[in-house]
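In what comes next, chain A is part of two complexes: it sits with chain B in the first one and with chain C in the second one.
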Partner chain A sequence: MDEIKFNEQADITDQVCPMTFVKAKVSIDELEDGEVLAIRMNDGEPVQNVPRSMKEEGHKILKLHNNQDGTYTLYVRKVEEG
Partner chain B sequence: MAEKKPDYSALKKGGFMRQKQKGYFSLRLQVVGGNLTAENIRTVSEVADKYGKGYVHMTSRQGIEIPFIRFGDIEEVKEKLAEGGVKPGVCGPRVRTVTACQGAAVCPSGCIDTYALAKELDEHYFGRDLPHKFKFGVTGCQNNCLKAEENDLGIKGGMVVNYKEEACIQCGVCAKACRENALSMKDGKVVIDRGKCNHCGRCVKSCPTDAWEGESGYLVSFGGLFGNKIYQGETLLPIIRDKDTLLRVADAAIGFFEKNARPGERFRLMLQRIGEDEFRRVITEAYHG
Partner chain C sequence: MALTDEQIERYSRHIILKEVGAKGQKKLLNAKVLIIGAGGLGAPAAMYLAAAGVGTIGIADADDVDLSNLQRQIIHSTEDVGKPKVKSARETMERMNPGVKVNTYHMFVDAANIRELIREYDFIIDGTDNFPAKFLINDACVLEKKPFSHAGIIRFKGQLMTYVPGEGPCYRCVFKEPPPKDAVPTCKQAGVIGAMGGVIGSLQAMEAIKYIIGKGELLTGYLLTYDALTMEFRKVGLPRDTRRCAVCGEHPTITEPVDYELNVCEDKI
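Then we have the complex of A and B:
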């Protein structure tokens, strides 16, 4: 698989819902429009919900990568609100 | 007001519940789909202060009751409430408050507009006299915040989903969002097991490229009870795709109850007594129009 280039990364594996989403949101808020954030999250509830929440915030999901260690990395391109 | 013996049955029909304290009634209000306007609430507050004991009771089905209303104040209380757009509810053997979660109008998880549907059901059926109480509940999605299956007729929002491979970037988000294991990734592609799909619509909601399309529908359950006896309402039909069919099915179910139940017999207990076959036939016929 092609590696996706990213500008910043966030690790939310130390958080539980709803702080998983909050930490991801704070991290992406710090990026510029068009930059890519790599978010590492746990399997289970975070990976079921965080990608969808980022989509609902209007950002662009690029890829969900299974790290094969019980975590996933979600690549999200920031979309500034119009 | 001159002393006269209250007609308890008429009062009950009008939402006045006799209290254990002689001469006092707890007034049940009509709340549709759990929503009240700020004006409604101000009016309720004023009435509770002036005619009750300055508090209200929230019922288990999204209703409000104002306890400690004196028998002699009933007409005046009704007028005051009507001025603020508040109507009395009902109890007794008839169609009760139609409950609803916030649904698609507010909630990101919602698949259907539950409040609009609750209002429509309320207009069609509220207060209709039947052999026993009859409860409708409308919930927006499989999260089931409104507990559809507790109701005599429960409606749950769902989606019929359709995959467009050309729009898919194989990101894998839908396979993780699906809780039914209906979706999996194999060699970088989405594999679909339709038999496991429960119409939750999470694939549609989560897909970043709109490669999943969803059409809203209704999953209807029949014969739920959550009182002296507890039964989970059963989904006896496939997902219903349009509101006309939904209303036809609801009409058929309520008509069947009216025709077949004994006085004081709940929907589920009637089905148990006479068997489900005929009921299944009737609603299947309504489903097919």
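Then we have the complex of A and C:
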């Protein structure tokens, strides 16, 4: 199904804004440059905001996968700022 | 060391910031800041640093809380009158953030003890109200190679600058030596608008935080002045006096901190 390999995963389905992004950000901050984080999140507000916020941080969005159960998994490659 | 869920929530508005993130918050949690003077400047600085999660905060002051302090020294409350200021300050900081370690120094900071006192800290905040103490802190920080934030407030005016070793002028490059006695009134004689400590002390906390997280531009090589009546901020560039400065210049004549005589009517640190 998913062919993207990831280094770490985070589940933020139990969070609400802004802690959804905060938790995701703490997880990606722990990674090395170039590593991939898989973030599972609820449909709705998190899917609208978390990918955009990750992009604003300078990270690369690889894929947003619909898990068909009301959740999505976002694959993000960490881009360390220069 | 990973952040706990409680820390992630407490510091979430920091972590959201691109310039801070989990990394910057961890730097704050590992940082040690010393505040000299728990008064008008030190009060807001200490409170913002405690709230920000600066892991170790030292606070030095020999005085007890006086009723006339409460108009501006917001870390102390009416019930604290008579208590050592450092004790009252520690209690407020610990109530705000139990995760912060507060070291108290209930003593006059002088030439004999300042070098050892500042040695274990990463950044020093000068929250004192007299020139002898300001020169003492400057000289000790230059000699110990410690960054510090200088500030002063009087009436409706305030000023601050930041010293980072090797990166700009020290306080003595700019002001040479304390003014003659009675040339400048103390804030006890002249008065000071309470919120001025809030403005300038908070800016000192901001400088400490930026230094710790390593982001942005500091007030190194600049004096920022604020006039509340005209509502003007001015940022004045200051050159380093590498040739002639008595403490940080090429041929320093000051190699140990000095105690200047204090006006009798002045408050000590």
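Note that in this section the second predicted complex is superposed on the first by the 80 of 82 C-alpha atoms of A that agree within 3 Å, B and C clash if a C-alpha of one lies under 4 Å from a C-alpha of the other, contacts with A are read in each partner's own complex, and residues count from 1 in each chain.
One rule holds in what follows: a residue touches a chain if its C-beta (ideal position, glycine included) is under 8 Å from a C-beta of that chain, and two chains touch if they have at least 3 such contacts.
These numbers come from a predicted model, not from an experiment.
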Classify the contacts of A:47 with the two partner chains as first (chain B alone), second (chain C alone), both, or neither.
first
Could you tell me if A:72 is touching chain B, chain C, both of them or neither one (first, second, both, neither)?
first
Per the contact definition in the header, classify A:55: touching chain B only (first), chain C only (second), both, or neither.
first
Tell me the contact category for A:25 with respect to chain B and chain C: first, second, both or neither.
second
Pick one for A:64: touches chain B only (first), chain C only (second), both, or neither.
first
Using the superposition on chain A as set up above, list the residues of chain A that contact both chain B and chain C.
56
State the interface residues of chain A toward chain B in the complex, per the touch definition above.
47-49, 51-52, 55-56, 60-66, 72, 74
For a test of understanding, state which residues of chain A touch chain C in their complex under the given definition.
18-19, 21-23, 25-26, 29-30, 56-58, 81
Would you tell me which residues of chain B are touching chain A in their complex?
108, 169, 171-173, 176-177, 179, 202, 205-208
Which residues of chain C touch chain A once you look at their complex with the stated criterion?
2-3, 8-9, 12, 15-16, 18, 21-23
